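This report refers to the structure that appears directly beneath it.
In order of appearance the chains are A, B, C and D, and numbering begins at 1 in each one.
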Amino acid sequence: MATTSIEKEDAIHPGKPVVVDRYNLGARVNHWITAISLILLALSGLAFFHPSLFFLTGLFGGGQEARAFHPWIGVLLFFSFAGLFIRFWRANLPERSDREWLAHANDVIAGNEEKLPEAGRYNPIQKFNFWAMSLLIIALIVTGLAIWDQYFYEWTTIPQKRVAVLLHSLAAVALICIWIVHVYAVIWARGTLRAMTRGSVTGGWAWRHHRRWLKELAERHRFKGPAAPAE
Amino acid sequence: MTNSWTDIRNTDLVVIMGGNAAEAHPCGFKWVTEAKANRGAKLIVVDPRYTRSASVSDFYAPIRQGTDIAFLLGLINYCIQNDKIQWDYVKAFTNASYVVKEGFAYNDGLFTGYDEGKRDYDRSTWEYEIGPDGFAVVDESLQNPRCVWNLLKAHVATYTPEMVERICGTPKDKFLKVAEMISECSSPTKTMTSMYALGWTQHSKGSQNIRAMAMLQLLLGNIGVRGGGMNALRGHSNIQGLTDIGLMSNLIPGYLNIPVEREADFATYMSSRTFKPLRPNQTSYWQNYKKFFVSFQKVMWGDAATPQNDFAYQFLPKLDVPAYDVLRYFEMMHQGKVNGYFCQGFNPLLAFPNRQKITESLSRLKWLVTMDPLETETSRFWENHGEYNDVNPASIQTEVIQLPATCFAEDEGALVNSGRWLQWHWAGGSPPGEAKHDTWIMAQIHRRLRALYEKEGGAFPDPILNLTWNYRDPDEPSPEELAKEMNGYAVETLYDPADPTKVVTEKGKQVVNFSVLRDDGTTACACWIYSGCFNEAGNNMARRDNTDPDDTGAYPNWSFSWPLNRRILYNRASADLQGNPWDPSRKLIAWDGTKWSGYDVPDIAPNAKPDMVGPFIMNQEGVSRLFARGLMREGPFPVHYEPFEAPIANVVAPKIRGNPVARIFQSDVAQFATSEEFPYAATSYRLTEHFHYWTKHNRVNASLQPEFFVEISEQLAAEKGIAHGSWVRVWSKRGQVKAKAVVTKRIKPLICDGKPVHVVGIPLHWGFMGRARKGWGPNSLTPFVGDANIETPEYKAFLVNIEPTTAPATV
Amino acid sequence: MNMELSRRGFLKAAGVGVAGTTLGAFGFSELEAAQAAAVRPFKLTNTMETRNTCPYCSVACGIIMYSKGDLRKGETAEIVHIEGDADHPTNRGTLCPKGAALKDFVKAETRLKYPMIRKPGSDRFERVSWDQALDRIARLLKDDRDANFIATNQAGVPVNRWTTVGFLAASATTNETAWLTYKVVRSTGIVAFDNQARV
Amino acid sequence: MEPSPHTATSNPPVSAATSNLTERDLVRRSASTVPPPARQLEPVAKLIDVSKCIGCKACQSACVEWNDTNPAVETNTGIYENPHDLTPDMFTLMRFTEWDNPQTGNLEWLIRKDGCMHCEDPGCLKACPAPGAIVQYSNGIVDFIHENCIGCGYCIKGCPFNIPRISKVDHTAYKCTLCSDRVAVGQGPACAKACPTHAISFGTKEDMKKLASSRIEDLKSRGYENAGLYDPPGVGGTHVMYVLHHNDQPEIYSGLPKDPKVSPVVNAWKGMTKYIGFAAMGLAAAAGVLHSALTGPNRVTREDEEKAEDLVKEKA
């Protein structure tokens, strides 16, 4: 049984129901900064992506403002996501069991989790999302800098900029798709959102979705006081 | 210019040599491109650099600076050898057939009469043989060995294509191609125009450069015809006007002369100015000299100029030297012999050679007055600008008074262009601050000086106290009033000499033109050649009717062209001895059996018979001069002399350094370098993005060409380890400059007398005032020597050395 | 005064009629009421035109200066634009890079505005009034002329010259300025009189 | 005498003139659609005859003065180009190339006036995301409307000629407008009027093509057998055309593209990518909705909680 899927802050609060700490305050703040940045980036970026969405620049005060804010938000996103990455990259390393998990894709979609191998802190789809986001954000920041003419015009040639802007839009589309999956998954798997709001999940949620993680925590006696409140 | 800018459209071949019209006169150069586009004209450029003119040429030939005479005499030799001469023209309209006095000779680079001690000639043998009838002897068969034709033929025989290559560095095949193209214009129906500028004048033998081309043009029959001529592209907007009005040491307006000491009285002065015709029936228009002179004196001193006092002849100064030209005067200043100096719109600190000497000279003045619309380096010569003007203000005791003048946009009056058009312009803007018109400033200086003389008396106040000053507002004479003085007016009512009852001009009225001027004091006229510009018909300079019958390019009703609104000088020469145009498609004027008429004002009496009166009416002979008589100081024919600083010795006269009659001051001789010390041949020039030292004050032009640079060949750059765009130091025996290096294919080493010669090009637009980056001008490097006839400094050919360096300290 | 010219007649006169035709072909003869234009408003509208000549080289291109304010009505006039005069036979509206930027010569930051004097040994100019400057000049001239005027040479011939003060005239002043300068300078006996023609 | 036709040479009007270029005359408007124009203006063109150009930079000077720009005073870097490149304050630039003609052995100094080509199929307009920031009039002029520009620089990527530049001052894109304000009142562009040698002419495109053919004939007679007109079809032709002495190798003129077209990358970006992008995002969202509908939410059950409690009890 691998041990890497446990984070420092993870802990079980015995009680009824069992509550499991999943994300501490730092992780949650970090996540939400990232999330808000991403949403703002998507809104401003989509405004440039297609004329029918140009009205979205109004959210930022106008086209000039949207154009000016977008790359700075991108920089924020990059560093913010880097924080998440440093926190969670270990827990997202692929494992042998992931393959077996994925082999039951039908059961994943159908929600027949009982038929799946027990997942660790993250299941393979989450891991995929994590790595895809990481790679796409790197791609976006690199291509974004290449087309950030205000400061980096001289750094690239125009043909490079053209490729960059194409890749940037493709990467953004991909990222948005992944984001949609991510958001959907949170909504679909009820009880998930509180992990990023209150920082904890119920034992049942952990049992259902990340049983191996829960077992491991229990195994290692990562218990904290009785029924812990949110904080 | 003998012709006008708009006439260039009529040409078949444009030769740009000694100039760079595309860069220095772009809008005039338009007419070259028009001739090319519409007539299939060709353009030849001969220049040490492949210029922007060359970039649109049909043929480019390189030449070493300062060797134009060899090239041009080579062309003359080619035309003679290949019988490419417009014979009818040459025989009828030049002095080819005139027989020269016994005793005249040319040997080893010198003509007869040279005095090495005086650096001057006794020119008495440089004359025609005068027959018993008092007229010059001619041999129309051209057989006489002493006739001009045969002397010329012998004189130019040295300048073979091989010799041209040896002196000029122009490859023989390129020279021959140029010669072939040019010689085609000996046909009466093919015309070549010569466009030159300071590339020919700024040499110690500049006048002879121009003469050499003029001779070639005469041999080809290209003077006085449409699309032909000798076209001096003058540098400044009114340099022609200031020359015409004679703002020079030795001139009176209209090319009259200030007396010299030996002309103690008026009679003596006039005795050498009778201008008797040298051939029968000739006009010799200068016979009217006295009319023009007396009318000038009348306009100056009015009632104080009377027949009894020889029209105030003694009010004029008399010269003890040929001229107090600027080189002489700065030499005097340097010697501490000058106390005060005025610079009116002139920037000598950057315009005169050997800047170190200029700075020292200005520092020895007691006072300096500058009048300019802009900050000039001259008015701040005492101010320290680090390396760019390394002086100590505390040690300079010159008082400097800087007066703000208006610029063109705030000023009204006429400017004379290269084509002699007097174009009136109007003011459209208000002057900044307290800036004043030059006319106001000059009037104030006069009025205050006059008041002091009235009050205190003093040295010979008469010419000041009697100066005509009857202007409506004595504090600021109006441009119209001044223009009317130049046109001239009747002091007394003028009657027709042929019919004394007939009034020609009422007293006080403007004269119609100079034909009515008198030598008895009844007319006043400031500048006879301008007469007609502002007569009773009004201000003819303000005319703006641009109709041009038959598209000849004459535009006869646009402004006024001196003399008499004539657009092409010597236009009588456009027709043959019967008065028919040499080229019917380019008719200018023609003889209809009783009179001359056509598109231009005939440059001859309208009833002068074509087979009798020669076209060159200002010459006593009535013909043009291939042989200049004694009018040029170096000799009646041009000779190739090297610049004072030359990379090789004179091939045709190895013992002679420089021009043997150019004036040199003893203090400057030590500062002439040899090619051993300073191996590279430098030349200076303008760039199209700038106008002299003015436009560096202008944000737009400063951005178009921001920083001082020098141009060198890739070969020299490699030899010296100079990188493209890096800093170099260029120094001569007189000073140094630092500049960016433009390494270019457009300058290539030339092989002269077997030796490679590297050219260093130094443009002239930077100083330490204004908007552009600080820099230097080539005058930090150039030698203090001028042309033998007119003292134009030798800016175009001198020696320098060059090496990589670091950027100047920023100030 | 300078606009009573034939300039609108130039198209006919100089055979550039095609230009007129060309313009017609753009549809400019239609003068229907237009919607708000997207293009920049034409900046010369309601300016004053004055004919002048480029002060640089001797091609002497015709120029038209556009100003706010009319000098002829005694108003202060500010030049806002300068362009080639299309009616001029030589330049036909064209201008070189210097001429095209003439406005910035007129408005250069280094235009002089006030008389200044730099005292001997000083490192700066000081502003003075015109009267102070001109009286000073007249005094300097008078004193030097009286001290150094040469009335006769050794042979007793009147020569009436003054060699210790020189006058260097310009190259771009008008004929009228040149002539007045000539009068004033010549009347004093100054012989060191020269101009830019020599260089 | 004048070759005809050429630049409209009459002096500009000073009395109020009606602008002839209105929104009604737009044929394209960036990031928007326009109704078909009520009238078709005659297509115009600027013809730059490189063989007549003397590189004097009068066009640059006139352009600065007319457009009230403020180019910087830079340095000399060993070349004649100044400013060193097009800038938001320099819409046109003389580019100089010293070229040794291998056939003749002669040096040729090729001087090309660079600036907006006013493509019939403008890449900048195609790339522009801001509605109405770039417009094209039915006479062919492609103009930037600064009020609508957001300064994103997409036009730079869209342009096959590397022309637009973004101002660091107002963060909008600048380029030659073909002096649309002048053309609108019947004047030619400032550069064409100033050009001393009439190397720049302006008129109807048809007339300019005729003028070009007479120039090409002249050049051929002078030995430039490859002289020709540069009116690249890859961008639908341009409303700024060149007469080149060596039309077979336009790239020797400071890199004038031989067969310019809007980059396929740009076409992919502004074309397929949009559809694919919307499709992908839509699919992702739709998949979610569908999945949700089919499977319903994935809820934690009471049983799961108990299991967890059991586990905790067991291990605690």
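As a working rule, a residue touches a chain if its C-beta (ideal position, glycine included) is under 8 Å from a C-beta of that chain, and two chains touch if they have at least 3 such contacts.
For each chain, UniProt lists the protein as follows: A = Formate dehydrogenase subunit gamma; B, C = Formate dehydrogenase (Quinone-dependent) catalytic subunit; D = Formate dehydrogenase (Quinone-dependent) iron-sulfur subunit.
Predicted, not measured: the structure shown is a model, and the values here were computed from it.
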| remark: Chains joined by the largest number of C-beta pairs are B-C
| task | Could you put a whole-Å number on the gap between the CA centroids of subunit B and subunit C? | result | 22
| field | Computed distance of Cα centres, subunit D from subunit B, in Å | value | 48
| task | Return the distance between the CA-based centres of subunit A and subunit D, expressed in whole Å. | result | 41
| field | Mean-CA-position distance for subunit C and subunit A (Å) | value | 73
| said: Which positions in subunit C are in touch with at least two other chains? | reply: 7, 10, 14-15, 48-49, 82, 84, 87, 91-92, 94-101, 104
| note | Residue ranges of subunit A touching at least 2 other chains are none
| query | Which subunit B residues touch at least two other chains? | reply | 26-27, 30, 551, 553, 688-689, 699-701, 704, 771
| Topology of the chain contact graph, where touching chains are joined (line, ring, star, complete, other) | other
| query | Where do chains touch, given as pairs? | reply | A-D, B-C, B-D, C-D
| field | Residues of subunit C defined as touching subunit D within the complex | value | 7-8, 10-11, 14-16, 18-23, 25-28, 30-31, 34-49, 64, 66, 81-87, 91-101, 103-104
| message | Looking at the complex, which residues from subunit B come into contact with subunit D? | response | 9, 22-23, 26-27, 29-30, 32-34, 36-38, 40, 50, 52-56, 58, 60, 551, 553, 688-689, 699-709, 724-726, 740-746, 771-773
| request: Spell out the part of subunit D that touches subunit C in their complex, as residue ranges. | output: 1-2, 4-24, 26, 39, 41-42, 44, 56-58, 60-62, 64-66, 68, 135, 139, 143, 145, 177, 180-186, 190, 193-198, 203-204, 207
| task | Using the touch definition up top, name the residues of subunit D that touch subunit A in the complex. | result | 31-32, 129-131, 148-154, 156-157, 159, 162, 166, 168, 171, 263, 265-266, 268-269, 273-274, 276-278, 280-281, 283-285, 287-288, 291-292, 295-309, 311-316
| note | Interface with subunit D, subunit A side, in the complex: residues 12, 14, 16-18, 20, 47-51, 54, 57, 62-64, 66-68, 109-111, 113, 147, 149-150, 153, 158-159, 161-163, 165-166, 169-170, 172-174, 176-177, 180-181, 184, 187-191, 202-208, 214-215, 218-219, 221, 223
